[in-house]
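In what follows, structures are represented as structure tokens.
Both complexes below contain chain A, partnered by chain B and then by chain C.
For the complex of A and B:
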């Protein structure tokens, strides 16, 4: 409780972090409005002429098929949050689990196997890995998610492993062991909750990485399969910009930038709030 | 000696792991090539013949063993798609990717170190804040957005129209410079934010150590302190970052840049091999990248000993 209040206090005194929180919050509201079907539902309707300029009917103009770019950009907020949340939460949980196991049983075969797996995954060029996963899963829409989760956990795992190795020599853990609590209970109830500062920061970093990766994968044809995303809009725009149509590019890249910037500022502020020693530097 | 042996065994295990994962994903679950290779109206025997040539009739373990033996004996074979020898393909495409990526990679790291030093030296002042704010901004812009924006601004009539829009017709130095300019600038911009922030954090940490305070107390000028004491003592993390990003930048980074600008490098070849299921090419690229990773880890260890006597 006390720690929570301190962190809130820190965050309140950090204008950049607060701005980040507000931006992320606004985007989340938009995403929820799309989920509830309130806005952005006409993203696929081709009710305009090709490449209309921005006007009262189509605020950001239309694309080559006459689809409304504003609607598409808005609907893409939902896509971004779906990918970001799924990947950030799953990869962080996986990293926490594997990192905690490796740290708890450090220098045993469990630790060795997890470190080896991490080494192997870090040695495969990422986009080749994703492309391979996408193919192995036969063009399933969630191939991209699987590939990102399978590779993004390694950083979280390394940090959690180091933290757990530190924590397991502390008195409260020794006490829990002495009274005979099972390992799983000690890890789940006493050790992992003390790594929450790592997990929150890593999750926000993974969220940013997931959205940035989606853009590149969608350009390569391995990303979002049905629906629309900023990555698909940018991929569409690569041909349009050469012909002088910039609406798609500007709409997608500006919204993408705003969300990423918000998350990056929030991640920095979280990091500073959790680690006052670093923040003072 | 024991240490070297342990490193070698671990390196071998790593290569086996990478080849196993790549085998399972790219070969076992990968696209079936039978019908791209047999002609029209093939008979059952012809189909069986092609499947036999591709090894599809073998059990899983046998195919994996063949895959690994081919790799370790450097029998790379020929591309299924074009029939060209894989070693030839690599000899043709790897130099292109290196020529394409190296200038941006080097510049991105040098500029990152320079900006990191400048920020760390003025820690907390407006210059530091400005550099840090710009780093976060850079980290928030997508690679693809940077590439598109630079292409429009530098290579089309909507901007300065200075460089070729795409392609790679390199014959001499001026043509090389004109084709490499936009990719280099893109790579610098996309990595600079991350690099600067990383190097700044390292320099700030180093500058807070006791020996720096002592050097200052003895009257060393800020410039001497920064270059001789902070930079030199930060070489270990710098080397780690640079060395470990080489294979990833060359393969993964070149994949996007080469696809976007239509440049015939190894990233594009690898990507096409995945989407068409060209196993010999894939096997070579993935296996050699993993081997490069292991070699780089060993080289990094040696470099540590060179720059930091404490490691040895």
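For the complex of A and C:
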């Protein structure tokens, strides 16, 4: 009957989900170790020769400037988690808030204004929007955070709006009104907690999307400004691959692949475990 | 005779029906006295539930007045209405599962009422909720307090809803088919507990039902509703013995037919 135990029990019986959990856990440990300054701190030091092959000094070899590729790939884990978490949490909260307001006051001017904003944001091609934001913010490192949060909330908002419109006619919401609770309290305590399954799934989707988008934007020069990311490494590798040096390319793309694959497996398993329809059977 | 705790006069509720407003509750009037149980009977779709929702201010009233102890609820702004709801007038819903928030422990939902209207702190409200659960007849109230709605049976859930509704000893309780979703034995237990608690607190009940057996057993008076109007209103004994309106007679006839078959 205990919800946490049930979810854990279901996850344990799902080998793919468990594998995802292990992979994401490892990446998370690496990200925290980098954040605490334990590893990956020498990512910018050019202490090797150009294009050294993998060896005991430089595990993954060095890049065109003689920087250690292992250090750079490891530091990029932190970059990925940082943007993934910031964007996933902010865009989900923003979507939940705006979606809940639109749903609760549906067919009023509040709903109209939020839907209009969503329509406008959805109609702008994403990379054009990011480029515009990055240009407007004059190359600030958080320009891509702003651009992603501003556009990623719309799907969450739409789903939450529909769910809230459904929930607000349910008897327990009417019951909350008949015991005299004000709207804000009903929305915050009885309506939004009942959309948690949507929020969790949307946050996990936003996390993956943010990491992918960060890599693409960094590759295009619109993303990470002071730091290193798999996208920047891939951008470097465009010159190296032609010269027959694959270390940078392989390190960045394989680590990106491993993290996204692991996270998708975990998210799928969690989605199954959290599914309220399955839980009631 | 004392003045009624609830006096409804010429109450109308309109619904938009394909652009054309239609009266689903049509100029009905009735009174409810302290400690009295008035049945509102009628077939599905006759406007019983809309009447209940109008009394609670959940749907806008088109015309008429709802005087609770001399205050007209129909003219009260939402903010003032909130202070009355749950304290002076409260409601028990038909479906005990959907009337409780699935993600909250039942204790917190009852405690909410005490914190809202009695201004109790967290711990005090919890104690009050526990006491309320004991009063609706739970032997292991402490366990129910910590349970989620889906862990309780239908009858238990409805008793939790009753505990919520009766928490502040309201003057008027609107019970919208409180036992329709329950089996017959549980029905009797829940209704007995409800009427007993109402009797102690002096709460008047508007009991909405289509079950004439319940009307005969628990109610003092009955109002028969049909197509948004109250067609007949009388003491239960008199209504059963000498129905004045042909519809009432037909309703009683149908119920007897059910008993025979």
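Assume the second predicted complex is superposed on the first by the 274 of 281 C-alpha atoms of A that agree within 3 Å, B and C clash if a C-alpha of one lies under 4 Å from a C-alpha of the other, contacts with A are read in each partner's own complex, and residues count from 1 in each chain.
By definition in this document, contacts are C-beta pairs under 8 Å (C-beta built on N, C-alpha and C of every residue); 3 or more make two chains touch, one makes a residue touch a chain.
As the structure is a computational prediction, the values presented were derived from the model and not from experiment.
In the superposition on chain A, A:124 contacts chain B only, with no contact to chain C.
When both complexes are overlaid on chain A, the residue A:171 reaches chain C alone and has no touch with chain B.
By the touch criterion defined above, A:182 lies against chain C but remains apart from chain B after alignment on the C-alpha atoms of chain A.
Of the two partner chains placed around the shared chain by superposition, chain B is the only one that A:256 touches, whereas chain C remains out of contact.
When the two structures are aligned on the shared chain, A:106 is found in touch with neither chain B nor chain C. By the touch criterion defined above, A:190 reaches chain C but does not reach chain B. Of the two partner chains placed by superposition, A:225 touches none, neither chain B nor chain C. By the touch criterion stated above, chain C contacts chain A in their complex at residues 53, 56, 58, 82-87, 90-91, 93-95, 98-104, 112-113, 116-117, 150-151, 161, 164-165, 167. Looking at the complex, you find that chain B touches chain A at residues 10, 13-14, 17-18, 21-22, 24-26, 29-31, 123, 136-137, 139-145, 148-149, 151-152, 156, 158, 165, 204-205, 208, 247-248, 251-252, 255-256, 259-260, 267, 270-271, 274-275, 277, 285-286, 289-290, 293-294.
On the side of chain A, the complex with chain B involves touching residues 116-117, 119-121, 123-129, 131-133, 135-137, 208, 212, 215-216, 219-220, 231, 234-235, 237-238, 241-242, 244, 246, 249, 253, 256-257, 260-261, 264-265, 268, 281.
Of all residues in chain A, those touching chain C in their complex are 1, 170-172, 174-182, 189-190, 193-194, 196, 280.
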